[in-house]
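What follows is a set of structures for review.
Across the two complexes that follow, chain A remains constant while its partner is chain B and subsequently chain C.
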Partner chain A sequence: MWWYVGKRLLQAIPVFLGATLILFILLKLRPGDPILNLAGNKPVSQEVRDALAAQYHLDDPLFVQWFQFVKSAITFDFGETFAGQPVFDLIKETFPVTVTLAVMALSIDAILGITLGTIAGLRRNGWFDSSMLVISLAMLAIPIFVLGFVMQLIFGVKLGWTSPTVGSDWTIGDLILPAIVLAIANFAYTIRLTRTSVAENLSADHVRTARAKGLSERMVVRRHVLRNSLVPVVTYIGINLGSLMAGAIITETIFNIPGVGNAAYTAIFKGETSTVVAIVTFMVMVYVLMSLLVDLVYAVLDPRIRYA
Partner chain B sequence: MSTNPVSTGPLLEIENLEVGFRAGKDLLTAVDGASLTIYPGQTIAIVGESGSGKSTLAHAVIGLLPGNGQITGGAIKFEGTDISHANRSQIMALRGSSIGLVPQDPMSNLNPLWRVGTQIKEALVANGVATGSAADKRVVELLEEAGLPDAERRARQYPHEFSGGMRQRALIAMGLAARPKLLIADEPTSALDVTVQKQILDHLDTLTESLGVAVMLITHDLGLAAERADHLVVMYRGKIVESGPAREILQRPEHPYTKRLVAKAPSLTSQRLSSVAAARAEVREQAVQTAAEIAAEVAHSATVLGEGVDDILVVDNLTKVFTLRGARPWQKVDFAAVEDVSFRLRRGTTMAIVGESGSGKSTVARMVLDLLPPTAGRIEFDGHDLRDLKTKAERLKLRRQMQPVFQNPYASLDPLYSIYQSIEEPLRTHDVGTKKEREAKVRDLLDKVSLPTTVMGRYPGELSGGQRQRVAIARALALDPEVVICDEAVSALDVLVQAQILELLNDLQAELGLSYLFITHDLAVVRQIADDVLVMQDGKVVEAASVSQVFDNPSQDYTRRLLDAIPGASIQLGL
Partner chain C sequence: MRLTRRTRLAGVALIAAASLTLAACGGGSDSEGGGSNDNVITVYGTNPQNPLIPTATNEVGGGDPLNNLFSGLTAYNSDGSIVNEVAESIEPNEDSTVWTIKLKPWKFTDGTDVTSNSFVNAWNYGAKAENKQLNNYFFYPIAGTDDEGYTADGADTISGLKVIDDTSFTITLKSPESDFPLRHGYSAYFPVPDAAYDASGKITKEYGEAPIGNGPYKLTKAGWERNKQISLEPNPDYTGSHKPKNDGLVFKFYAGGGTDAAYTDVQSDNLDVLDQVPPSALTTFESDDQVSAFNEPGSSFSSMTIPERLEHFSGEEGKLRRAAISMAINRPQVTEKIFNNARTPATDFTSPVLDGWTEEVPGNEVLEFNEAEAKKLWAEADAIAPWDGSFQLAYNNDGAGNKEFVDAVTNQIKNVLGIDSSGKVYPTFDELRKEVTDRTIKTAFRTGWQADYPSMLNYLGPIYATGAGSNDGDYSNKAFDKLVSDASAAEGDERYKLISEAQTLLLEDLPAIPLWYQNATAVASKDLKGFEFNWQQKPDYYKLTK
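After this line comes the complex of A and B, so read on.
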């Protein structure tokens, strides 16, 4: 197994190089002038412009900029933001709230999604199943930015149950509403996936054999249907944790949460190439690690899978 | 329910049972007025082809009909109480403790995620036999009883670490865990090799006899049924058409279906030496003659590959070594799937390669078809070494003359291709004729395999297994090959269909002078089709001889064991 883990970690190196290079190219194509942004959209003299360009390596060719970035990244030096804060500190500061938000969204997704999906799967084609189908389709159809603003308006502004924005002194309670918004799109998929998996397993031969042994229906479902059905679902949810963190940009901006997504958004706006690349690369790495973790959990759930 | 059932009364009485499946608004009858009686300790066998309703009958008894199935009439009395409309908890009380089940497919009937021991322990706990560490001890005893060596270690393993035979033993231990009075064995060995099948059935026999368990054995194999049960029930299209003592039914079948079954079951016909051997000799004579004519033609034409030599296929010292991953990532293990196999296939004859799963017989077929490069050795087709065929055109020529027919007619036809498209495809690939000519050829081929031309527009899903295998044969014949390689071509079919396909293969051989390489695990069918036999074990040839020699005078222990394992071989038919 350690051999496998080592192999997977080595694979992270080309992923890192590829991801940073693509990001550099993409940000180069982005319209706007970073120096103008840096100076607060005021006209700057040529000398200042040259000095700033030299400081942030903005006048070098793209590949040289990329090479510089990779070279310093090896020593965890990701440079500084235009505001003068080390990028590494910025990530360290904003990461906790993003992780908390992602884990909360994931819990909502897993607990509700698996429970509702299982009930729907056990009573396939019943009224519960049918209404779940309609509800999950609706959840999938509404874009997160529409849902986010609507929920913010209803629960935050009109009803006043929670504060509409979060701000820098955040608490767990403030994050409940954003977490629900973040969870909803994935949650609909989890219901569909669990439902299909349960329904499929229900007609498996070994489930019939379990019944023939004289097991009660509850035991049959718990031991022989649920555990088998959860293997694909857990895989899906696990990979989601990575994408939830990355996908938090919209939610964090709507609710003004001081997370990694928000920091990335600000950096993109200002054209701080190296900051954006550092944050996004960091998220890519989180994603790579998460999918490795999921693959290892997969082997725990299913004894047939062995890594070598 | 009486607590002390009268020992002389019947254990299970099924009276005029009707079971239907709901499909949309229609109710399809699967079991139509079936009646049978089982006494304590008695073994009865229910025989029938797929779709005859035998499994449905068994599932009705233990209350495991699928969701759209329901009992529409009649009664199932277990120890005098009607359980046909019992509620869930009543049925649950019977399952495991009174009625046990050994299911059909050992590969899919164990939950892959739980240890084998845990799954047997569940049965003990659920039926209140034992709990905790007492149950763990009992599990090991049960596995030992089912004939699994090293039971203590095995109980801690997962199903994927077991072979098919071992899994079936675990399922037997599970079915008998709570000491039921009736054991339903639903095709318990049809997925296993013959020698393993014999061991398992022998063991099941002794076990049920010593425990006094009544057995309801469900099988499609008449020979096996007659050998294992004293009482036979023959089912056909949902009805019980005949029932009575096994020997009597075999010797004096009354219903036309039973008569056909007795006449065609390969396990039984393999004994009828004279008639089969004579018919086969006639086929061969005609085939060899036709083949010689074709060979002469081939030798004089430049369009086809070949020289018209006597041995159409010569295989010399064929070896295939696969490199497998070892225990450590950097280690490699060599595994010889085929070792030093040599044979000659004479024009117009059939060579059967017989062996159990893992014997390397299919690997030989793949190498002969030029689908897998051999590690060492030589394959010569009609005087040409396959290795000399370098260009794509030469390879195409070879492919035209050697065509395969595979085991599973459900998987080897593309479900999205109409029958016409499936048979026409090889003609199109090889650019044979115009569209009109190709259509005429397809019609001709369908006629050869005795299918009506109306099937051309239909899809594989609309045909039965036997019809599909006929389509696969027609497709193989489309390019007028000289050699047809049948890899378990009849193994997935019901006995009567199997007999029809074998007859068709024989007729085609006589008519077209084909040469067959016939790969099978089933020695019983070999007698009806082959002239020479190659018995393989662990990648090596253990015996190579003519059919009559192998059957009448096997020289190797292994061959003898395979012959003994043919179910029903010991039964005297008195014919």
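After this line comes the complex of A and C, so read on.
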């Protein structure tokens, strides 16, 4: 198995190179002029313009820029933001809160989604199943920013149960509301997916065999139905961690969470190529690692899957 | 290799541990924040984008803290007039080209004296291209700089600055400017102490992170915490006119500039002042009983520019068409319906907050909605050369309300003049500005101006004078240039008369079509007292208490 893990980690290298190159090309295609932006639309002499361009490597040909970036990235040197902060520090500052938020959302998503989905699947077409269908459709239909603002208004401003915004002195408690908001859209999918998967497995041969052996219903559900049903769900949830981190930007803005989504957004706006590339590359790596983790969890869930 | 039961358990434990560690990473810092002093005011801010050096800061995130950390030669009163701050006296010669400055005894917070050199060296530094400061532009009136405000020929110093002794120096200008002292409350002209420079004469990185100033406030020990906040406390040795009435200011940063989150924080008392109301709250903030609301005409001016170089917009034909378009726009309707009265229809090219502003500028009836006259002028232009094509107005979609107002204005033009008219969208401000700056833009575009110092001339010269830095439409009118330079040299009523005449010329030519003045809007928490807008559309921070 370790050989497999090693192989997968080696595969991350071409992914890293490819992703950064694509990012460089995309950012190059972004029209506009970062220097003009930096100067606040006041006249800048050619001399200063050149000096600034050189400082942020905006003047080199694309491949040279990319090569420079990769070379320094190996030593975790990602250059500086326009504000003079090392990009690596920015990432160190912003990643923990985003990761925590994503993991919290993911936990809510996984625990509630799988539980409710399983119950719905076991009582297929019952009242619980039907009401879950309606509720999850409703959750899918409400855009995240509507939900965010409404929940912020109700629980943060009107009821005062929690602080409506998070800010930089964040605590786990502050993040509960944003995590719920972030989890809700995915959570609806998880319910649907678990429910269908469980319902399918209920009529599978090995479940009938297990019942025939005289196993208790609880055992049957836990050992044979659920475990088999979880493979697609785990895939979905695992890949979700990446999109939760990348997609948290709306939630981050609504609740003023100083996370990585906001940092990337600000950087894209200012045309800070190196900052954007560094942040997005980190996200790509999170994706790569998560999909590796998902593959390994398969083996835990289903003994027939082996990695050699 | 097959996963054994043990490796499985280990795997689960690892995931659990990982999420706990990650969760723990951020939780720790709760105790240090807040510093719940009752009379410390928290205000909305964004992380500064440049080092906190007066000549390097050109955006509001760094500008607001700087304005409280430093004092210039003069300071602005709330109404835009000035009082001498560090200056004992600022005296012009006969034609207002040479200014002699005498300083009061004044200290930086590190205990060193503010001397003539504190000013002169800081300006020399800011104007030298090699130092890549971004406020070079502010030095262009001084002799010995080029049109962009850099020292001429890359010299180390500006030749127009002469130090006489520790407490006096002279400034020689390129041309007469009677309101020159008005500029000196602006942050680009603040003094910098000797401690800021390293052995090679460069301002150090450390200084840019924790500047030593001479203003009403100084940084607390925590100072600038990146992406979090900047904390200021009153400077006990400050003797100027902006003596703080509160026990400190905290500029709390909102990630990505999120004013929506800040608004919610004001509602729930987590933030005391938000100096710009988010578009989502504009319809409701004045009736929101959880906040105190403020809404007044402000100092930023919005217009649209139709350059002469566009087809059908040059010469006499262009003049007629511009006037027709101006009269086809129903400004009050747009400010009311689109902006919920957070804009005020323009009646000139400046701003109502300024000294000398008047509603009665001869010729400003061209800014009133007049369907019949608009049609008539358009027809006259068609007689010169028949119109073809479509009238497009370019805007940047990253500014709130731009799309809405452009849609409204182009629809009004379409309906009144019976021509095809629509908006042309640019995703970001800098993309629009790039095409405007390199003159490749093929349409009319939205423009605006926020003054750097409270003078009506600052709304005219830098935008419409021949060859001026922000003359996006390449407007050139010798008579206008002369009136502006005469007004610069004149004083009192004579000055305002000349300004009015210059504006009348602009109203004939319409190098930009004035649309509206942007109102200053703000919300504050209920228990905050002493809120008053100054001419920069900011509260006077030193007056705030609770």
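To be clear about the criterion, the second predicted complex is superposed on the first by the 303 of 308 C-alpha atoms of A that agree within 3 Å, B and C clash if a C-alpha of one lies under 4 Å from a C-alpha of the other, contacts with A are read in each partner's own complex, and residues count from 1 in each chain.
Everything that follows uses one rule, which is that a residue touches a chain if its C-beta (ideal position, glycine included) is under 8 Å from a C-beta of that chain, and two chains touch if they have at least 3 such contacts.
What you are looking at is a predicted structure, and each value in this text was computed from that prediction instead of being measured.
Visitor: Of the partners chain B and chain C, which touch A:T115 in the superposed model: first, second, both, neither?
Guide: neither
Visitor: Look at A:T171 in the shared chain and tell me whether it touches chain B only, chain C only, both, or neither; answer first, second, both or neither.
Guide: Touch partner of A:T171: chain C, not chain B.
Visitor: Which partner chains sit in contact with A:S131 here, chain B, chain C, both or neither? Use first/second/both/neither.
Guide: neither
Visitor: May I ask you to decide whether A:N228 touches chain B, chain C, both, or neither, giving the answer as first, second, both or neither?
Guide: first
Visitor: Answer with first, second, both or neither: which of chain B and chain C does A:S216 touch in the superposed model?
Guide: In the superposed model, A:S216 contacts chain B only, not chain C.
Visitor: Which one hits more chain A residues, chain B or chain C?
Guide: The partner making contact with more of chain A's residues is C.
Visitor: Touch check for A:P303: first (chain B), second (chain C), both, or neither?
Guide: both
Visitor: Report for A:Q11: first if it touches chain B alone, second if chain C alone, otherwise both or neither.
Guide: A:Q11 contacts neither chain B nor chain C.
Visitor: I'd like to know which partner A:H206 touches here: chain B for first, chain C for second, both or neither.
Guide: Touch status of A:H206: first partner only.
Visitor: Do chain B and chain C land on any of the same chain A residues, and which?
Guide: 3, 303, 308
Visitor: What residues on chain C touch chain A, complex-wise?
Guide: So the residues of chain C touching chain A come out as 1-3, 7-8, 11-12, 15, 19, 22-23, 25-27, 29-30, 32-34, 47-51, 58-59, 129-130, 132, 134-137, 146-150, 154, 205, 208-209, 225-229, 252-258, 260-262, 264-265, 267-268, 270, 290, 398, 427-431, 433-434, 437, 469-470.
Visitor: Which chain A residues qualify as touching chain C in the complex?
Guide: 1-3, 31-34, 36-45, 47-48, 51-52, 55, 82-85, 89-90, 93-94, 96-97, 99-100, 103-104, 107, 149, 152-153, 156-157, 160, 163-165, 167-172, 249, 252-259, 262-263, 265-266, 269-271, 293, 296-297, 299-300, 303, 306-308
Visitor: Residue numbers of chain A touching chain B in their complex, please.
Guide: So the residues of chain A in touch with chain B come to 3, 203-206, 208-217, 219, 223-224, 227-228, 231, 301-304, 308.
Visitor: Using the touch definition up top, name the residues of chain B that touch chain A in the complex.
Guide: It is residues 62, 64, 66, 88, 92-97, 100-101, 103, 105, 108-114, 119, 122-123, 126-127, 158, 160, 171, 174-175, 177-178, 325, 329 of chain B that touch chain A.
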